[in-house]
Amino acid sequence: MIAIIRPDVEQQKIDSLCDWLRSRGLGVHVAVGEFQTIVGLIGDTTALDIGLLEGLDIVERVQRISEPFKSANRKFHPDDTVIEVGGVKLGGGNFAMIAGPCSVENRNQILQVARSVKESGAGFLRGGAFKPRTSPYDFQGLAAEGIDLLLEAKRETGMPIVTEIMSAHHLPLFEHVDVIQVGARNIQNFELLKELGHIDKPILLKRGIAGTLKELLMSAEYVMAGGNEKIILCERGIRSYETATRNTLDLSAVPVLHELSHLPVVVDPSHATGVARLVRPMALAAAAAGADGLMIEVHNDPRNALCDGAQSLTPEEFADVARRVREIRSIIHD
Amino acid sequence: MIAIIRPDVEQQKIDSLCDWLRSRGLGVHVAVGEFQTIVGLIGDTTALDIGLLEGLDIVERVQRISEPFKSANRKFHPDDTVIEVGGVKLGGGNFAMIAGPCSVENRNQILQVARSVKESGAGFLRGGAFKPRTSPYDFQGLAAEGIDLLLEAKRETGMPIVTEIMSAHHLPLFEHVDVIQVGARNIQNFELLKELGHIDKPILLKRGIAGTLKELLMSAEYVMAGGNEKIILCERGIRSYETATRNTLDLSAVPVLHELSHLPVVVDPSHATGVARLVRPMALAAAAAGADGLMIEVHNDPRNALCDGAQSLTPEEFADVARRVREIRSIIHD
Amino acid sequence: MIAIIRPDVEQQKIDSLCDWLRSRGLGVHVAVGEFQTIVGLIGDTTALDIGLLEGLDIVERVQRISEPFKSANRKFHPDDTVIEVGGVKLGGGNFAMIAGPCSVENRNQILQVARSVKESGAGFLRGGAFKPRTSPYDFQGLAAEGIDLLLEAKRETGMPIVTEIMSAHHLPLFEHVDVIQVGARNIQNFELLKELGHIDKPILLKRGIAGTLKELLMSAEYVMAGGNEKIILCERGIRSYETATRNTLDLSAVPVLHELSHLPVVVDPSHATGVARLVRPMALAAAAAGADGLMIEVHNDPRNALCDGAQSLTPEEFADVARRVREIRSIIHD
Amino acid sequence: MIAIIRPDVEQQKIDSLCDWLRSRGLGVHVAVGEFQTIVGLIGDTTALDIGLLEGLDIVERVQRISEPFKSANRKFHPDDTVIEVGGVKLGGGNFAMIAGPCSVENRNQILQVARSVKESGAGFLRGGAFKPRTSPYDFQGLAAEGIDLLLEAKRETGMPIVTEIMSAHHLPLFEHVDVIQVGARNIQNFELLKELGHIDKPILLKRGIAGTLKELLMSAEYVMAGGNEKIILCERGIRSYETATRNTLDLSAVPVLHELSHLPVVVDPSHATGVARLVRPMALAAAAAGADGLMIEVHNDPRNALCDGAQSLTPEEFADVARRVREIRSIIHD
């Protein structure tokens, strides 16, 4: 961390700042430039509040040099993390499709979709039991019943399941769930993240609606600090000024996250675009950008879906996308 | 709600759409334009999933005509909501300052700050006991002990207190808290909002980090749908591409929210700007824009604050701001 | 276009609005809903100022139903536009790579790069002669001399050339240039666009730094309204709050623009990301998303480039990208 | 400027970087931290391309320490710039209102508006003769005739006039114009800015549609580098994801620009909000935030205005705003 000192500050004030920093256990390094003086802080600055330093009269601004995340940082963990559940691997060269309906609606629906996506090569079954809806008047999911239906589909097809949690209260219901998803709206629900740090299951973390990549990694850090290092990161589109798509899918997140972190990165083109006919091109693009997996909504009857039917592929469309994705992966990795 | 039909769609398909909409209890009105046909939906469209309609092949796009919020909507509740706690009023022409430290740190600090801001005319004492921090390694607040210290300051000064909740788990600790705050990162933590709908205390809702005004009102709707109509809305800056300030304070939110809703609107210039020297001009601007209250961080010793000292005013600076704010209010309302 | 009337407006005022609209040559259609009345406008509303209608007391808001662009609109021109220059085609199933250095620096550099990218299969040579730089103290390009060097490279290799114009003043220098580029910063320089409408050369239009897709199409409309219909659209990243990359490459722009317009769409991953090591994954992703072409910076000696060396590929890296892009295209179109 | 070196880079490569930097005339200062090495560059780094340095393999990232603008920088010019035209002053404690219609429409309109705003205390008359419109089919302004009408209004009322230029071609028409405005869409039309650096008239620069404050100052730098130091900066709202207002008025720009620069700052609440009923609260807020002036659209007949009638105040509304603004200024400066 470096603090840039305002011009024309008396030397005595700079000395006093340095003394105070040293009293907090930090090494201090002063560089006097032509126009400005810079105070470099050496040591563990995670304990120092950046805002505090910025607030001092003599400080113009403060810049971090090293990233504030440790466990998720590739610098300290150069090898790719591989997530393995029920024989399916994701990360470190292993690619997996996570497919299924936005919401679990009934037994017939989830079984039908599960069978068809398995046949097309999906590794995981997804389905929402608890649904975060902007309006309190919208369908909120089948809750416990939805999870039971997902578990039935798991027993029948053998596919591990991924579903979203909305409150630590509900954790007992997730006992047999394979991967727990935290949605974009809860990605800075730090109390929930802390709880998930104490369990032994992979956690899929969706980037915030307008979250930075660093914030996503800090949310991973919250879980990892509790001891659970099985994290899957998910790019799902960010909020921008552009209204032509629901969100702006930021595919450069894939290579950037791979540089910054050893954690696997999946992409959700369904929520990002909000429109089924954009899912195919964006799924292929995500694969070409190097994603470790894709999360795609598939519904056997999109027109009558209770939630987000607009963005669901039919099983046939999914099969086509899955095949082309496999081919693209062979090109980028040859 | 209206659905704009793609050009060159066969009449039969449009008829089939209309039948289906009528089967869901909606009135239907078809207008044939020069280039396009529009299907208008009459009746309660809150039960209809907009995404579903958008997903149909023959539909180009769907536009809402009426707002999806009801209880918070000024159209149905023309009179201003007034929040009254412990003799202090906010809203409907009543202005109040909410002042205090970012975090409660110790007995001496909170009592000193409480006395000084009361003397300067603040109506509410604020202070963080549970702190949402981006990093798991940052100070997380004094928790229950912090609330006890706030209650002690309340007993001594008579000021009602405002403090943030981060999990419905902690609700029992908030029994004697006067106003419960939901922070920007939890504003779409719908499980928490639902719980707060069942208690009888004012809830202060902060706009999301990149939240729209409509989303803020929908979050209010979540609480109100549970029966608790005592809501205070808070503008605290939004995320934009500009990095010169921590957030971009959107003061037009004040008159816009006043148009859309009957709920009172306060502004937090401290978190928005992140820098103490910008708090004064933005506080005065917020008052001039018509805010019903201001939420300002005040610390007796900003340099040694454990959290966000950078954005705290000293008690003397706060007294000066409070005086000028009162004068500005007399000008805009004469 | 529809105007949504505020609730509780007297009928007489609505009638008066309708009369006024009819006096401007528009058909009017009034639909009375449960809560609100909607006035639909039928006919050519391009002549009506939307802002004016929105400003009326009785109008709550106005929504466009049909897009304000005509010549660029696929609805009126269903067939893909194909741009053909010097035997190279772009659009309508024809894919082309546009490659070359950010700035033309000297004879040796531009000839070396031209030969190598041609060998790798590039269709067009790009190179900046006039450079829009944020700082007046940065290198501003070789101007006329740069264009001469590009023309020399064209004569030697036979590749058509693409270069940026910054002022209509400079048009005489562009006489032998094959494709004229308008940069992101000039995309709403309407005086320049009007001038380009009167010449007979393809114009490559870059999306604005924070431009919407509709604005890009309206800028195309400015050129096309003058009679020049040879437009290439270019996605080059948009400004968002995320600072991990220079811009946020919005690849969903490719399929969305293909839906809205018949014009070809190319993607520039070099400017979007600003970092050479992100160019490969984003170039492959853009091809997978269905782009009609790619615009990639290539430099024979990136470390000593005068401008944006950071984002240039070496000729060898470009050859590798070009080969994989061809393979990806065969997959998405099989 | 500092360059942060990637971890585990061999010392020899760092030495080679340092040698190369020294060969470009810079002083170099290497600081070895616990995890990373930082290379500090001392001297005039404006000539060094930041992108180039960022592109090197061994460099993780580069951070500027000092601002890239010089002439506009308060550090080198601590005293406020005061713009004086025709006896009216703006900046350095002098406040001025700039009022008038969006477009000049006819003789009667501009004279009526000019007389009424002068009576209410406006210092400058504004009016558009050349109008940058997103659509080529919208009204484009009266051009030369509009300027003639403005000059007639100037002769009659004695008010200096402000009007927008869209191309350096038109400069001869601006000979008797007092202040030349550059609009948001041309603020990075560097060729135009260079031309304006060679004339002797105040230039009012509007912040870009999604422009940063640093970019606005760099655009000022373009004009000032040519010798013309009479610059007025204008905040006019920025593009964000929020659609409740046309733009998001960023009032913190006022105190931030005052810190960074000595140039006067005016605020345009009319374009920012796009709606007349939001102009009053935002104008008062801008005055409270410390603006040196306001730019407000006033029309004698907003309903029939040819352009942006929606955001124009009537002369009576303007008179009320002007009076309250004066009172607010007396409070913030007492």
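Letters are used for the chains, namely A, B, C and D, taken in the order the chains are written, and counting of residues starts over at 1 for each.
Assume contacts are C-beta pairs under 8 Å (C-beta built on N, C-alpha and C of every residue); 3 or more make two chains touch, one makes a residue touch a chain.
Because the structure is a prediction, the values reported are computed rather than measured.
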- Message: Which chain has its C-alpha centroid farthest away from the centroid of chain B?
- Response: C
- C-D or B-C, whichever has more C-beta pairs in contact: C-D
- What is the distance in Å between the mean C-alpha positions of chain B and chain C? 38
- Query: Any idea how many Å lie between the Cα centroids of chain B and chain D?
  - Reply: 31
- Message: On a C-alpha centroid basis, what's the spacing between chain C and chain D, in Å?
- Response: 26
- Query: Out of chain B, which residues touch more than one other chain, so two or more?
  - Reply: 210, 239-241, 243
- Query: In their shared complex, at which residues does chain C touch chain D?
  - Reply: 46-47, 49, 51-56, 68, 132-139, 166-169, 185-186, 188-192, 194, 208-210, 215, 218, 221-222, 225, 239, 274-276, 302-303, 305-312
- Query: chain D touches which residues of chain A in the complex?
  - Reply: 2, 4, 7, 29, 31, 33-36, 38, 40, 42-43, 63, 65-66, 75, 210, 239-241, 243
- Task: Could you please specify the touching residues of chain B with respect to chain D in the complex?
- Result: 210, 212-214, 238, 240-245, 248-256, 259, 272-273, 277-278, 281-282, 284-290, 324, 327-328, 331-332
